[in-house]
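Questions regarding the structure given below will be posed in turn.
Chain lettering (A, B, C and D) follows the sequence in which the chains are written, and residue indices restart at 1 in each chain.
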Amino acid sequence: MAIKENKIQKSNDIKGEADSKKEEEPRVGVFVCHCGHNIAGTVDVAKVAEYAKDLPNVVKAEHYMFMCSKPGVQMVKDSIEELGVNRTVVASCSKNQHGRTFAKAIEEMGLNKHRHQQVNIREFNSWVHQKEKGKATDKAKKLVEAGVNRARKLEDVETRRIPTTKAALVIGAGIAGLRASYDLAELGIPVYLIEKLSTIGGHMTQLNKTFPTLECPQCSISPLTNGVANHPLVELYTNAQIKSVEGSMGNFEIEVEIKPRYVKDNCTSCGECAAHCPVEVPSEWDSGMSIRKAIYKAYPQAIPATYVRDKKNCIECNTCINVCPVQAVDFSMKTETKTFKVGSIVVAAGYDEYDPSEIEAYHYGQEGYEDVITQLKLERMLAPGSLTNSQVLRPSDAKIPKNVVMIQCVGSRNDQVGNKYCTGVCCKFAIKNARIVKEIYPDTDVTICYIDVRTPGLNFEELYKSAQEVGVRFIRGRPSEILRDPISGELRVIVEDTLSQTPLKLKADMVVLSAAMVPPEGIGPLGSKLHVLRSKEGFLKEFHIKMNPTLSSKGGIFIAGAIQGPKDISESVAQAGNAAAIAAAPLVKGYIEKEMLVPSVDYDLCVRCGLCKTVCAPAAIEISDDGTPMVNEIACKSCGMCMPACPTGAIQLLNFSDDQLLDEIIAISGGGVVCEDE
Amino acid sequence: MKLLQYPVEVLYAKMSECEYIEPEVLEKMENIVVFMCNECGQGSANTAGVARMAYNPAIRIVRVQCTGQVGPIQIMDALNNGADAVACVGCCLGACHFFNGNILSMHRIKLLKKLYKELGYSDQFVNQYTSRAAEGETAVGDFDDIVERLATAIRKEGTFKDGC
Amino acid sequence: MVKENTFAFFLGCIMPNRYPAIEKSTKFVMEKLGYEILDMERATCCPAPGVFRSFNKVDWMVAAARNLCIAEQLDADILTVCNGCFGTLQEVNKYLKENEEHRNLVNEKLKLLGDYEFKGTINVRHVAEVLGYEVGPWGIEDLIVRKLNAKVAVHYGCHFLKPTRIREIESSEGPTIIEEFIEALGIESIRFKEQLTCCGAGGGVKAYDGNASMTIFSEKMKNIDEVKPDFILDICPFCHLQFETGQDYLNKNKGCNYDYPVIHLSQITAYCMGMDQEFIGLQYQLMGRDYIFGGEEIKKGEEEAI
Amino acid sequence: MSDVKEEHREYKTDEDFDQDFFRNIERKSNIWQCIQCGTCTASCESGRWTALKTRSIIRKVVLGDLSVLKDPDIWLCTTCYQCYERCPRDVRPTDVIMELRNYATKLGNISPNHRAVVGYLKNYGHAVPINDEVRKRRVELGLEELPPTAFKFKQEGDDKDLKNIEEHMFDLPPVKEDKKEEEEA
């Protein structure tokens, strides 16, 4: 890791002030909570409080019905005021639940909030040992005793303000990325928006109509695409990908690799070059439903409007150079790397459509099964300006299909192949498309084979009813395979209508597979560069599924949209707004408050072996010239891994030092006696 | 007005699938110290608690920043002070919030097991597991595994305390 | 350790007791390829998965384990030519290897049948898999004496590939192992409708309800008849029997006149490696008695008729 | 549904189902995850022509409807494993049907043909015993007259293998003579 510019503060001067606090005699207050009967139902709280009373240094031991209630918290505050309690132990629920409530309470009373030790006797004890009430009570006693031992040596932890660079980076310019960039820019924060492809808009621009109101996505997204592209505070880089990410929350330093467009910016996008280019390649943006040239613009309203040359397929015949009226085409453009200093990163890299060729029984993509397509391809056919100018034509013989069969849950809700999760979007997707196809071609019969139709939310039941109204036929059953008659080439879908218990062989001129939403290709390297956790399905893992869905597992990095899990457009936009808001917070405030829970080095014990540096993952320990380790306060994640690595115990994490842990271990492992000598 | 209150057991009681252990071995297990990292380790025990999944009450959880922070000193202290077995439950491999804490602790525990084997103790007293904050049953599965291994060790050689 | 290039040849029931020609040609092919074939003395029925597993799964495993022990005593992998036998033996072999307490249970009962003890030292191989992968079209190339040019309807059967997670040979939706192999013999496989469906004999259905089995089979024959192959190639004597008696039944009762010869993979491979047609045993079969294979000689290698 | 016409009666009640009869059926918890999507019945090559509806059989196992054991359809499964391959919940219907047959055999529902096949195994060691016609063919083809299986050893007088099998294996419940027991079951 490159040496960071942040100020490296010598860690041993913190140690100086901490010593003065140690002398003052610990006075511990213990409070045991009934939590209604969640705890009291299993643990005899009175006995536990009584047991805690005669532990050394305990000056107050109470038990109360609801510690987290106003009177409960007041009880803690009073104990500090009246009895001069300088360490508090609350035995109730988990740290994530109410640890902070009590910490804030004692902070209001002037005590440093790290002097509070939360003991969990609910999730770790009463709820899980409901059948062994006696043992649960003993265990609660032991846990409280361990909490007291631990609390005895707790020290103050200073929270410090770290200045942040007022800029943000947004990865991915789909609907979520655009929304996040726009919201951030509107807050006055300069945004660097980078997009892997050559145009912005993501999957939304590929759709024909959006559900449930059947609006045209081009119209609803273009104010945003134009708004962001021409926003004074937004710098847009297409064909760009992340090379490396350094630094920590508030001060990131990102290297971005921008592939050349081989077309300069003075391109008027007149399209002459594409007209004369001999190369024809299936267009990825059109998901293979139309042809594009080696030099192309993905779709007419594409932003940025400059054309882009696809080096892989280009045969370098130079016709585009000669033909271009403004000589914008320039093959000599090189890959540039740019570095940005930003405070927050918002990842909105979107999703990919599941490739159904993995399910062999549906023969997607095999020779002879051209008429088996996915919903996105159907959207591309229906969209205005498509090759089939919004007509649904069979890819094999370009005829209008007499009957269309849609198959749901392709690659979803499947333990054997594909993904286990339900995407939650395909039913809405399929029903909308089915209704549109039925309205355009009334005499084509459209069938949807479903397991469970899942269209929750406002206006979606109407969407479902309107499809039924128009005559879409719904068959409850998951098709087992798509058969093709080798001679006539006809497709047959074999499905059992489980409601009437009859296996059917449906004639199908065209089969549309509702494929799942899967993490985008390239998320692996992106995730590892950002040091961000991914869920078992491969999406980026949110910090907390309910309370913090747009914060990633790493501070300073935020996620929005389908990158966090399959979702529809309205949800992605909502998440993008939230991600922008919490990403902007430290930037607008100008600083980040970080608790200085960092290790301190005892230079007499240190033998300068450098083992702590090798073990430190966030590379927060540097070896200075005289061989002694220096801790970088901001990058340190206070994980404590350096402690066991140190052969002499010279490096000790504040509040997690070896002797504090030892006291807790002794209490919990039955020993019960605190060893006096140091 | 008596609120219709389902007994808590009925609501969620999900017994652990721990195999049968005869009472005399069971009562030899007073306490098992489990170091759980602050992120996924105690998170999964938390989810197990919220889902009321029962497991052996001898399990005592000590919260540490990361299993990487638990060194041989802490484990030996626990065993010397009367713990019957010690285990570390960290985040799953590759997903440690501190990047490689769980891998480090896995190596340390592997060496420690080798050491105990050479000293003549059974190596089932110290174990390392991983779990995810979302999965309560993984934590309970780990606890069951600790108890089962300890049971086999006790049946074979007796507990750690009596210097097997 | 299992001996190299030697197989304990598991005969099964239908091959030795109905179509000995398949046994003959398999031995011919294997010897020509340099494999040593050992007789599995005292072997019995594998036992047939359809009937016996339906009655008592444990006894089915014990009987199968008995056959496996015979091969273990010979210290050689088992070679089967029948999907049913391969299905039973491979599944029981894999299950007992992975499943400790079932292995003890089976070994307990196995003692009653004689001094057999399942150790799990061997594997179970199918002739189609040995020819298709181990020998492969490249391996057979220079041993071919006659190359046909026939259009053939290939029938894979069910237990050879499925269930894929236990057999672990190839995907059951689009297999190519036999197509690729028979290309070396100059045979082209024609795709016909619903090619990978069941011939209708398995699972004890042929014994339980003859005409249900025949209804399933008639659809299969209708699809094969559409593409008019030269002959039907199968890899399982039970399907072989079903195709033979099936065509005969449909001719007599349903007024069809199918006369497609039914050839097992070993028979045709042996023929192409020089075994003369008389040993293929078409004359003993019901269908396609007078079919001449033809196929022009490639090399003038000396032809020792066995 | 079973072909016996149900006489008119009110709703089915819990007594008709015996939920824990199948408590030790293998992979029980997976079977209960069945979402009744019908892939198995749609893939079933035998069910396409016969009355075998795999999905409703699994439904009966989940509900604990014991009529499935008397249902002749479970014997129409050709174990082609298509449903096993394609079930999105990995319920493995083929194994379930095989286990149902085990339960049905214990109740005595065995078809005479299958009973005969077991008889062949016990007497000749093969489900398809040899006949003279084939012995002659074997000699013509240059093979031994009798394949070296247990039957050959029995012919030479050493039939301990088949005797052991007969004694210890596949002892099926006796054939149900009286009709009374049929109605009551």
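Quick note on the criterion: a residue touches a chain if its C-beta (ideal position, glycine included) is under 8 Å from a C-beta of that chain, and two chains touch if they have at least 3 such contacts.
Keep in mind the model is a prediction, meaning the values are calculated, not measured.
Across A-C and A-B, the chain pair carrying more C-beta contacts is A-B. In this assembly, the C-alpha centroid of chain A lies 51 Å from the C-alpha centroid of chain D. Centre-to-centre separation of chain A and chain B, using mean CA positions: 30 Å.
The distance from the centre of chain B to the centre of chain D, with each centre set as the mean of the Cα atoms, comes to 45 Å. Counting partner chains per residue, chain B has no residue touching two or more of them. Listed for chain A are residues 361, 481, each touching two or more other chains.
Looking at chain C, one finds that residues 173 touch two or more other chains. Of all possible chain pairings, those that touch are A-B, A-C, A-D, C-D. Note for the complex: chain A touches chain D at residues 361, 409, 413-416, 451-452, 476-481, 494-498, 501, 503.
Looking at the complex, you find that chain A touches chain B at residues 37-38, 41, 94-96, 120, 122-125, 127-132, 135-136, 139, 142-143, 146, 531, 533-534, 536, 541, 545, 553, 615, 617-618, 637-641, 643-645, 653, 656, 658, 661-662, 664-666, 668-671. Taken in their complex, chain A has these residues touching chain C: 360-361, 363, 366, 481, 483, 485-487. Residues 8-9, 13, 30-31, 33, 38, 42-43, 45-46, 48-50, 52-55, 57-58, 60-66, 68-74, 77-79, 81-83, 95, 97-101, 104, 108, 132, 134 of chain B are the ones touching chain A in the complex. Residues 35-44, 47-48, 53, 55-56, 82, 85-90 of chain D are the ones that touch chain A when the two sit in their complex.
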